[in-house]
Amino acid sequence: MNFSSDNASGVAPQIMAALAAANEGHAMAYGADPITKAAEAAFTDLFGRELAVFPVATGTAANALALSALTPPWGQIYCHRNAHIEEDEAGAPELFSGGAKLALLDGDGGKIEPETLATAIAGAGFGVQHHSQPSALSLTQATEAGTIYDLDEIAALSGIAHNAGLSVHMDGARFANAVAHLGCSPAAATWQAGVDVLSFGATKNGAMAAEAVVFFDPDMAEDFLYRRKRGGHLFSKMRYLSAQLVAYLQDDLWLENARHANACAQTLSQGLAALDGAHLVHPVQANEIFVTLPERVLNALKTASVGFHSWGNEGLSRFVCAFNTDAADVERTLKIAQAAI
Amino acid sequence: MNFSSDNASGVAPQIMAALAAANEGHAMAYGADPITKAAEAAFTDLFGRELAVFPVATGTAANALALSALTPPWGQIYCHRNAHIEEDEAGAPELFSGGAKLALLDGDGGKIEPETLATAIAGAGFGVQHHSQPSALSLTQATEAGTIYDLDEIAALSGIAHNAGLSVHMDGARFANAVAHLGCSPAAATWQAGVDVLSFGATKNGAMAAEAVVFFDPDMAEDFLYRRKRGGHLFSKMRYLSAQLVAYLQDDLWLENARHANACAQTLSQGLAALDGAHLVHPVQANEIFVTLPERVLNALKTASVGFHSWGNEGLSRFVCAFNTDAADVERTLKIAQAAI
Amino acid sequence: MNFSSDNASGVAPQIMAALAAANEGHAMAYGADPITKAAEAAFTDLFGRELAVFPVATGTAANALALSALTPPWGQIYCHRNAHIEEDEAGAPELFSGGAKLALLDGDGGKIEPETLATAIAGAGFGVQHHSQPSALSLTQATEAGTIYDLDEIAALSGIAHNAGLSVHMDGARFANAVAHLGCSPAAATWQAGVDVLSFGATKNGAMAAEAVVFFDPDMAEDFLYRRKRGGHLFSKMRYLSAQLVAYLQDDLWLENARHANACAQTLSQGLAALDGAHLVHPVQANEIFVTLPERVLNALKTASVGFHSWGNEGLSRFVCAFNTDAADVERTLKIAQAAI
Amino acid sequence: MNFSSDNASGVAPQIMAALAAANEGHAMAYGADPITKAAEAAFTDLFGRELAVFPVATGTAANALALSALTPPWGQIYCHRNAHIEEDEAGAPELFSGGAKLALLDGDGGKIEPETLATAIAGAGFGVQHHSQPSALSLTQATEAGTIYDLDEIAALSGIAHNAGLSVHMDGARFANAVAHLGCSPAAATWQAGVDVLSFGATKNGAMAAEAVVFFDPDMAEDFLYRRKRGGHLFSKMRYLSAQLVAYLQDDLWLENARHANACAQTLSQGLAALDGAHLVHPVQANEIFVTLPERVLNALKTASVGFHSWGNEGLSRFVCAFNTDAADVERTLKIAQAAI
């Protein structure tokens, strides 16, 4: 029973099978192979438009490289105060951008509100040589709090950014969970709502190590080949990166995996929330649950070796469901918790 | 029949099996898993000493991150004019080091001679604020020309570097081929000859995407965790990177693979060299053959769809053998070539 | 009547005379001249201890270069949200540090409170590879709000920083104004209170373009020659930079200039504060006055071409006094303001 | 008698007077002052065309900032192996460009030959993601060897660069000496021959610390304000930087100073070359003399405390004449040398 992280889950069998299948004969290196072409075609189909897509192996690489294409070194990138790019990438955006600044915005439930963004931009000092220049907005979808921007919110934020000349990046490490929740097309959730560049995550949702940087305007990707290579993120045996992505998109595996994780999170969160003294910190919309639990519940779960993350002494805890979370584990966990009340 | 690149070869079955075997249950993310511990232990055993080892997925990442730990931004790194770090990494060492300079040294057969290094260092201007400061030496083993430094050469070059206060890096993208040729221990080929940090390659020799940065002095690796993470090179599902390395070292797979590739290259190069009008450009010591071939031979091979790299109109060509090169393919290729004379 | 900025003031006659006097014959370039030696000796005397001092020409250069010596690229530097290094240097600290992060702290009157710093450090995640690592604290003295840290406050903040392994930088663009207010020795205001590196400003207080980066521990300055040079901040005709600093320190010119500016600011602020409807936003402790003024006063001052900075429509205004502010101008300005009530 | 460096010379009296004259009253900071406007107009007049000009204080700043506007971080800049940007700026171009590479070209007398450049560009691998991408050519005029490109040479080199999509930078630390020698207009020596950006030097030729970065296509300077500021190279009291440049251009002071220095170098070099056993290493075209001298001459000059630079034991020496070199000193020096033969 492990709800510690979707990074602790393994690789989906369909993706494992695709890797084995890709291991036939020789293939041109560095992306000049048929599987990589197939991955590119699959993304074009998925988003229903011309685009430029670049496989990489980690979410931090996807984010930092994508952002580096949207900002000069003296730029600033607006993001939520708790965004992964600020808190969990050890300065990767600063490295790849050559020293751009992350401008941190507050917001409940991990979400930036349009007015907050508008106010920040209004005070930024465009064209004033002393100030870092606003260059991009980065939205996390699903957010670090397990919540999800709806389409109107994305459109409103993107509109403010574009009106001020900024580009819009979406950190979609859990993009599948967001689309599964929204029930819309991937196109509606991104470029149709104003997103320019997407970090399309697969690793947390069943891939081994595969993400895709998707530029909806290929002109913005003009230099990206060089950025990826000099970051050490160009794979020589690219077919194995691409094979993961092809399998991930095939037959809606990405959505099926995410729907399962989201559904498990619903069951688990509703069960936990019903406990006396428990309290959901954020609405549960994706596969992450932030909840405060009574100490006896925490103790009972730990005693039973249920894996989850717990902070400090106020009972704040995180449970993450994954593509392969066992529904029986959810039930067992809830029983242990209920028995402890 | 494909001799275009060892990057075009696939993944060794033992490594594929290890990946499948690693896909059991949950595992702590970011390297806190048992397979990563096992990889660390395997490297300690292999080199017979305390060390610090960091798995990454590409050779460029391994080299650029390793070098960044050895040089300040105003440093200069001595390397051969044709080194991969200079010619084929699109400026990755400059990115990760914050702008250090590669100082290019000439040398026949892809090798730097001790006197060349000594002369360069003598003229460098240590302590003069106007000049970039010598900080490291990077040796490629096997070299880009398919040759191999012998132990005395490594020791002589390392000695000069150390005497001047420089650290020594070895780009071992084809380290296995070098050790297979030298017939010595990995320890003798590295730290016992003065190497401080090794980019230990596996990808070209049968892994999917796995290299290891090995610091023989763990103190030099103090900051490496941060360097790797902010480069986007820390894998969340690290077990799959580590599993490749464990399998690669197990039962001397790395050496067996390299011996096979080297042996194929010997057979192929001797056969080619015996052709009238053919000429080996460099001694063949690892798995790469640089040879000039008569035009009719080139044409015959191309007509037969033999894969290899060919430059310009003087017949200069490169054939690379891999862990999975079929001995029958070597024979067939030689027959085609011989028939064209 | 100009209170717009101390940067709009000219050069003190003593410094102008020193420049003319320095213009005799040849002098070794790049700092190997007697005037630079004299400047170094003057700083050693001033602070009463061994130190390493480096003249540069701008405050941004002094700050960004100094900070770069205190942080790795994956470090974070704590500073006040309104610090010059964050708001008015267009990302210079990020450039020179190779991408370190400024971590912004709130605080009334431009000052960081010890508890705020302690809380931030406690939550920083030392040693966690995903997080930027706390590396330095930067205090602005006098602050951007025209207030001044007292010695106990500096000691408390430095103590927290040092206990956590951070270095302490002081942005002393208006250090003279601070010392003039505190009435203590420069030593007491810096190293005796825990400051490791000081950006000692002269430009705003009567120099033409001269600042000094002062390392109280010379070991921390080991690499600084290279940092300064590769930033393009090493002057070939260094004697003219050093001559400004020598004259600035001679006969307490720096303190005399600052005392005059502070005294003018006291007179002006007390006069303005006494106006009906006026309100001092921050205590006036140095040479800057932040005040809200009734609209009729603002209009009267503008009509009379009094130079000052004014924001938005709530009457928030800034008046800055300089080393050469004319006391009669202060009187005239107050009369105009009083007449408008 | 000091021929060690033009950096050892002082400030021209006209420039000193201009600084004193600029020290009147208040002036808007950061370049919004009338003297800076006058400097801009003076450059427009001098070059006879629309342009964008930015004063900075050091040659290294001028070069590194200018180049940063011409290259992406994965770019490469062609320059002579002995160029100041390679040998004497401690990596400043790498810092400001974010890690671009200097590609070093050989050439006699400090000059790049068109064929050398063409060959290098032909082998660069445009569009290949593994390779740094050619982005700029930097020419030094006068060269580090004291020689001067003639107009046809500049045009030929610029043509090759432009045809390949590269921009052309000129390091004109001794631009005045070059124009004085060429006897052409500044326009003919730069934009009419294909130069896109010029580092226009004044410091070595009588200014205190003033250079100008001149963009002949203002569109290329779009971001330069931010580059200069975040490099710490924006002066608050800009008027004093601009005043030097205005005086330098007024009444052809820049050319007069250079003509004097060049003429002194002619006299001195011809006298030295006539000595038995002496040999001019390069043609003397500007104000620098590279000469090998018999040991007894070297000894006699040193005994007489004549200042000059001397390398090793083969008698290679450098003499530099400046705007204020005393003709009598030249005569005295020659007499000492002649007496030693």
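Going in written order, the chains are labelled A, B, C and D, and every chain counts its residues from 1.
FYI, contacts are C-beta pairs under 8 Å (C-beta built on N, C-alpha and C of every residue); 3 or more make two chains touch, one makes a residue touch a chain.
Note that the coordinates shown come from a computational prediction; the quantities given were computed from them, not determined experimentally.
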Item to check | Chains contacting each of subunit B and subunit C, listed by label | outcome: A, D
Checklist outcome for this item: More Cb-Cb contact pairs, comparing A-B against B-D, go to A-B
Checklist outcome for this item: Greatest centre-to-centre gap (Cα means) from subunit C is with chain B
Item to check | Length of the line joining the C-alpha centres of subunit A and subunit D, rounded to whole Å | outcome: 51
Checklist entry - Any idea how many Å lie between the Cα centroids of subunit B and subunit D? => result 42
Checklist entry - How many angstrom between the C-alpha centroids of subunit B and subunit A? => result 34
Checklist entry - Can you list the residues of subunit A that touch 2 or more other chains? => result 30, 73-74, 89-91, 94-95, 98-99, 129-130, 226, 229-230, 234
Next on the checklist: Chains as vertices, touching pairs as edges: which of line, ring, star, complete or other describes this one?
Outcome noted: complete
Checklist entry - Where on subunit C is subunit A touching in the complex? => result 73-74, 87-91, 94-95, 97-102, 104, 129-132
Next on the checklist: Touching residues of subunit D toward subunit C in the complex: what are they?
Outcome noted: 2, 4-5, 7-11, 16, 19-20, 22-30, 56-62, 64-65, 89-92, 94-96, 203-204, 208-209, 226, 229-237, 240-241, 307
Item to check | subunit D partner contacts - residues on subunit A that touch it in the complex | outcome: 30, 72-74, 98-99, 129-130, 133, 223, 225-230, 234
